[in-house]
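In what comes next, chain A is part of two complexes: it sits with chain B in the first one and with chain C in the second one.
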Partner chain A sequence: MFRNKDRYLSFLLVSPSILAILIFVYGFIAWSIRVSLSKWKGLSPDYTWAGLENYLSFFSDPRFSVDVRNTIVFTLVFVIGSILLGLLLAVMLDQGLKGESFFRSLFLFPMAISYIVTGIVWRWLMNPATGTRISGFNLLFHYLNLDFLINNWHTTRTWGIAAIALAAIWQMSGYTMAMYLAGLRGVPQELREAAQIDGANEIQILRYIVLPLLSPITLSALIILGHMSLKVFDLIIAVAGKQLPLDVPAIYMWQLTFDGLFYGRGAALGILLLISVAILIIPYIGYTLKAEAKQ
Partner chain B sequence: MKRASLRPIRVSKKWLYVPLICMAVFYLIPLYIMLITGFKSFDEISLKTMWDLPRGLHFDNFFAAFEKLAPSLWNSFSMVIPAAILSSVLGSLNGFVLAKWKFRGADIIFPLILFGMFIPYQSVLIPLVQFMKAIHISGLPGLVMAHVIYGIPITTLTFRNYYASLPQELLEAARMDGADMLGVYRHILLPISAPSFVVVLIWQFTSAWNDFLFAVVLTGNTQWPVTVALNNMAGSQIIAWNVQMAGSLLAALPTLLVYIFLGRYFLRGLLAGALKG
Partner chain C sequence: MSKKYGLLSILFVVMLVLSACGPKTVESDQVEVFSWWTGGGEAAGLEAMIGVFGTEYPSVEFINAAVAGGAGTNARAVLATRLQAGDPPDSWQGHAGQELIGTYVAASQILPLNDLYEQEGWLDVMPETLIPLISQDGDIYSVPVNIHRANVMWYNPAILAANNIAVPTTLADWFAAMDTLQAAGVIPLAMGEQWTAMHLFETIMLGSLGADKYNGLWDGSTDWGGADVKTALDNYKKVLSYTNSDASSLTWQDAAQLVVNGDAAFTVMGDWAAGYFIELGKTPNTDYGWTPVPGTNGVFQFLSDSFVLAVGAKHPDAAKAWLTVAGSKAGQEAFNPVKGSICARTDCDKSLFGVYLQSAMDDWASNIVVGSLTHGVVANDSWKNEINTSLGLFLADMDVATFQAALVTACTGSGPCK
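Then we have the complex of A and B:
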């Protein structure tokens, strides 16, 4: 039923977008790779070939190992926290309680706010000062007689990045809740009823019927949140600025390039970040499109 | 008998309100702090009383914050609105073609477009800045361009999923009546695309409004959007905390209002971002 003219026209309609993506995504990635293989240092471009020098430099760079470590800690706390909290909230909201949509909207609203705003408010809440200058969560803990919970938050030595992950959980757990809620709605009612007739209680139904059916959603959440934590940038900047103990690859790339003018190394770090994201995302896109084609 | 077996469960479910309300309090804490701190007068600001309600509603902080942020709020609006509209229109056209008028290679092009949605922008940042310099586009127009182009993957995905869910007969009937391809789009698909446009417009509005990375590389201080201006305001030691909190609320307000009034559509955009239409 397609005429030739239409085929031609359809390609014409999408070509501006395809061209834009081709240039701004793939062209720019290629260009970044070229920069990463150059000796470019300073304001004016210098494409003198440097081979893998810039990449190899990170292996002996102590700041890079801090970044890797921080990214791992952040990812673990943020991803596990958001998934558990999101699942818990979704299961509670799926019980058909009154006020469900109110709670759902409430748990999701942080998603509408920028990381910058979240970071500024959380910096105020995670104020590490003690004694007469105690404030924020620490002051709240003191009021509630929970003094043992008082801590240094993001200024904690070595583990400070985990406090930033808490703010990220606040912001993103509504997202996982929404994903799980959508999944829970898809669990056929007959399955639950059948299990009930067989004598299973609510907890058993959840454990043996519902949770296994939600595992594709957990996989999506792991990948989406995992790739977000590789890219974390704004939130840390807003809470703490650019401080070495809270450094991550995205901030290091920024400082190398725009503060230090080490364009070659900055580009190499950007590409390393891209590779780590691609390892997660490319199989995910393939898997999703294949699953869709099967339907 | 059924009623008897369900009853104990019903009673126990009421207890779920306890954790739910605790969680609600947790989610509201930052909003509470922003609000009460923003409404306090200058002499009420003390660390000791930071959790207490203000003694009255003082708008001075909001005026002070607005005075500082007004130009950047305006910059944000003037950048976000064209960016959202343009990327939505492109997304709709792409979605239409990729769902219903596949040309050869469309199945390869779609995942290639999708990947653009996930890339860490650090991997394209240096070329982006160089490119904008080379074509002499700077400041807000450059930022609009970046948001439009990097927004294409998600807008295309949303529209493609929606159009793919429509029955093919709908299109065939129109073609029987002699409509050509553009006619099918204009007379059949466009009129029923409003909900998807709302989803995509909201999504693009929110993500462009909240963006920090592109804004900070592509704009200078007279053209800063509100995220950059707010971050700089918060970084300076001379601006009082209550003004910072009022400023944060002002910066968050446009997207919060969109969320409050159009939350349903916001949620659909969110799920599309996880590739789950």
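Then we have the complex of A and C:
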């Protein structure tokens, strides 16, 4: 009886947030789905049924294919880059060097900065101007006599989006470092010692003991970074504004909806984004729930 | 007796005069005006105009509901939310023309202002060719406060002199001049990020097609798929070949600086650049010169900020009072010199304005007026957005045929083409 009363109270306490989430998350998802199936274009709502027309329009839309390609390139460079760099930093910090906490904070700090700030700073750093107006990284390369490294950064044809991913790596690799560092601290000392007794060297310990034990962390990092890169918007806006070579679905969605008043198509693109994130996240949630149930 | 009447009649005349120039009254005690003028000359200009309003209507409290954000992108999103919630401000700012008409008239959110135009005599003091561009089916929907010109080409006089180039007036002369400059190692034409490419696009379309066919693009009488348009697009492609390679990383200010700093010879930008050059401490006609974009002589490609009257305004009489001030000589003379634009009226006092603006005022009063695409006059938002997308794709692949096909589709999808 007491137990039930307790449960009743706890439900009562969380119910406001459940209600808010139901309305403001799931309610609006449902509404967006409804809008995405409508012919709504212009300021006044128009719920005329359009079926999947808005969704299908993207498959013959050359701008959308640019977006998909850019997202794939960005995701690959950003996720792989952040994980490798984060792991490298974590392994180095884990060697017990002096001033570890200083370096830890140093690498973690960029994460505390907003993407807008990162974007503006990197916009200056990646200035592609040449000749007398050279500046940023290009000027640095020039001073270091590394002129062959001078390049167009984010204005590079086709691959410019990878330069944006560099800025994102700078921002988020500290975060993956922190995750890996926690993971490394969780590797039992006995396992390392046992491996040492078996004659394994440091590299082998890392490869056969530590990395496999870190795989849940890699998975979490993949999911977190992956869904961030699918939704990337502010960083690109801050570096380059709304320009097509660096277009991604989130920017296209904004322009369709608020600049072009194509509410139906904009909502459809939003739902496509939601689906792509869900494909990434739902299996992960399922996996964690199962893992928790086992414990 | 007669003396007494004489005194009375004098008193009466004095009272009449006083009531004419003294404070006017309306029933409402406040008016809410929504804009994106939150900084620089724009905000200062708005304050000056609010000052004029305050003198004329001291009993009305002016609520300045400005929302920050470049060219109103954020403000318009906020406004859209308010309109959908049925809570419109009494009057709001919008680019005169189809950006307003295509969005708010289509959604029945703003009222026609023909009566106000007649009552205030604005039809006589604004250019005749302007009125159709801010009307739909004979109804005028907004009061333009200021006028900017889009088809201005700024140049560096020293660079032109050093290369023996006369200021070009035709596209052919311009191409020849830019060939010379390119050979001399100067950037012939400075350009910035994507929207400045669209700005350049509309001026080249105007320069290649002429005013009539250019206007026809927007009312459906010029065929987007036609040979004229193809020639214009080829010209545009050629013009782009003279631009700086780092265009997409530059703002319009960066591009304008290239010209006054001697790195580039020309740039095409609206006449707000004049205000920027003054800010940089440059001298007109020495550090920078200006001319209509080649091929557009005698044509004034305009854009304008204007104010509307909301359907369901809470204070309609005060909103009309505000619009009266916004269209008045006193209101426009208070706003424009500070903002760095010219009056929509042709009777403003020229001595209040700088060298460039005085020349723009002459052109405004005498030229054929056509509208700007980038700045919302000729195409509704959806159409402009479609053109912007095809332009962005064109900047990447430079394929004229694909671009033209996309422009035809855009006109069918969101414009007047059938």
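Everything below uses one rule, namely that the second predicted complex is superposed on the first by the 289 of 295 C-alpha atoms of A that agree within 3 Å, B and C clash if a C-alpha of one lies under 4 Å from a C-alpha of the other, contacts with A are read in each partner's own complex, and residues count from 1 in each chain.
In this text, a contact is a pair of C-beta atoms (placed from the backbone, for glycine too) under 8 Å apart; a residue touches a chain by one contact, two chains touch by 3 or more.
Note that the coordinates shown come from a computational prediction; the quantities given were computed from them, not determined experimentally.
In the superposition on chain A, A:M253 makes contact with chain B only, while chain C stays out of contact range.
With both structures placed on the common chain, the touch criterion links A:G241 to chain B and to chain C.
Of the two partner chains, neither chain B nor chain C is touched by A:L144. In the superposed pair of complexes, A:I197 makes contact with neither chain B nor chain C. By the touch criterion defined above, A:R63 reaches chain C but does not reach chain B. Between chain B and chain C, B contacts the larger number of chain A residues.
Of the two partner chains, both chain B and chain C are touched by A:R133.
In the superposed pair of complexes, A:I282 makes contact with chain B only, with no contact to chain C.
In the superposed model, A:K41 lies in contact with chain C only, and not with chain B. When the two structures are aligned on the shared chain, A:N152 is found in touch with chain C, with no touch to chain B. 45, 123, 127, 129, 133, 241, 258 are the residues of chain A that lie in the contact sets of both chain B and chain C, per the superposition on chain A. Of all the residues in chain A, the ones that touch chain C in their complex are 41-45, 62-63, 66, 123, 126-130, 132-133, 152-155, 157, 240-245, 247, 255-256, 258-262. Residues of chain C that touch chain A in their complex: 73, 76-77, 80, 83-84, 102-104, 106-109, 193-195, 245-246, 248-249, 263, 381-382, 384-386, 388-389, 392-393, 395-396.
Here chain A touches chain B in the complex through residues 1-3, 5-7, 9-11, 13-14, 16-18, 20-21, 24-29, 31-32, 35, 45, 88-89, 92-93, 95, 97, 103, 105-118, 120-125, 127, 129, 133-136, 139-140, 143, 170, 174-175, 178-179, 182, 202, 220-221, 224, 227, 230-231, 233-234, 237-238, 241, 249-250, 253-254, 257-258, 263, 266-267, 269-271, 273-274, 277-278, 281-282, 284-286, 288-289, going by the rule given at the top.
Chain B contributes residues 9, 13, 16-17, 19-20, 23-24, 26-31, 33-34, 37, 47-48, 50-51, 90, 93-94, 96-98, 101-103, 109-116, 118-128, 130-131, 146, 148-150, 152-153, 156, 172, 175, 180-182, 206, 209-213, 217, 227, 230-231, 234-235, 241, 244-245, 248, 251-252, 255-256, 258-260, 263, 266-267, 270-271, 273-276 to its touches with chain A in the complex.
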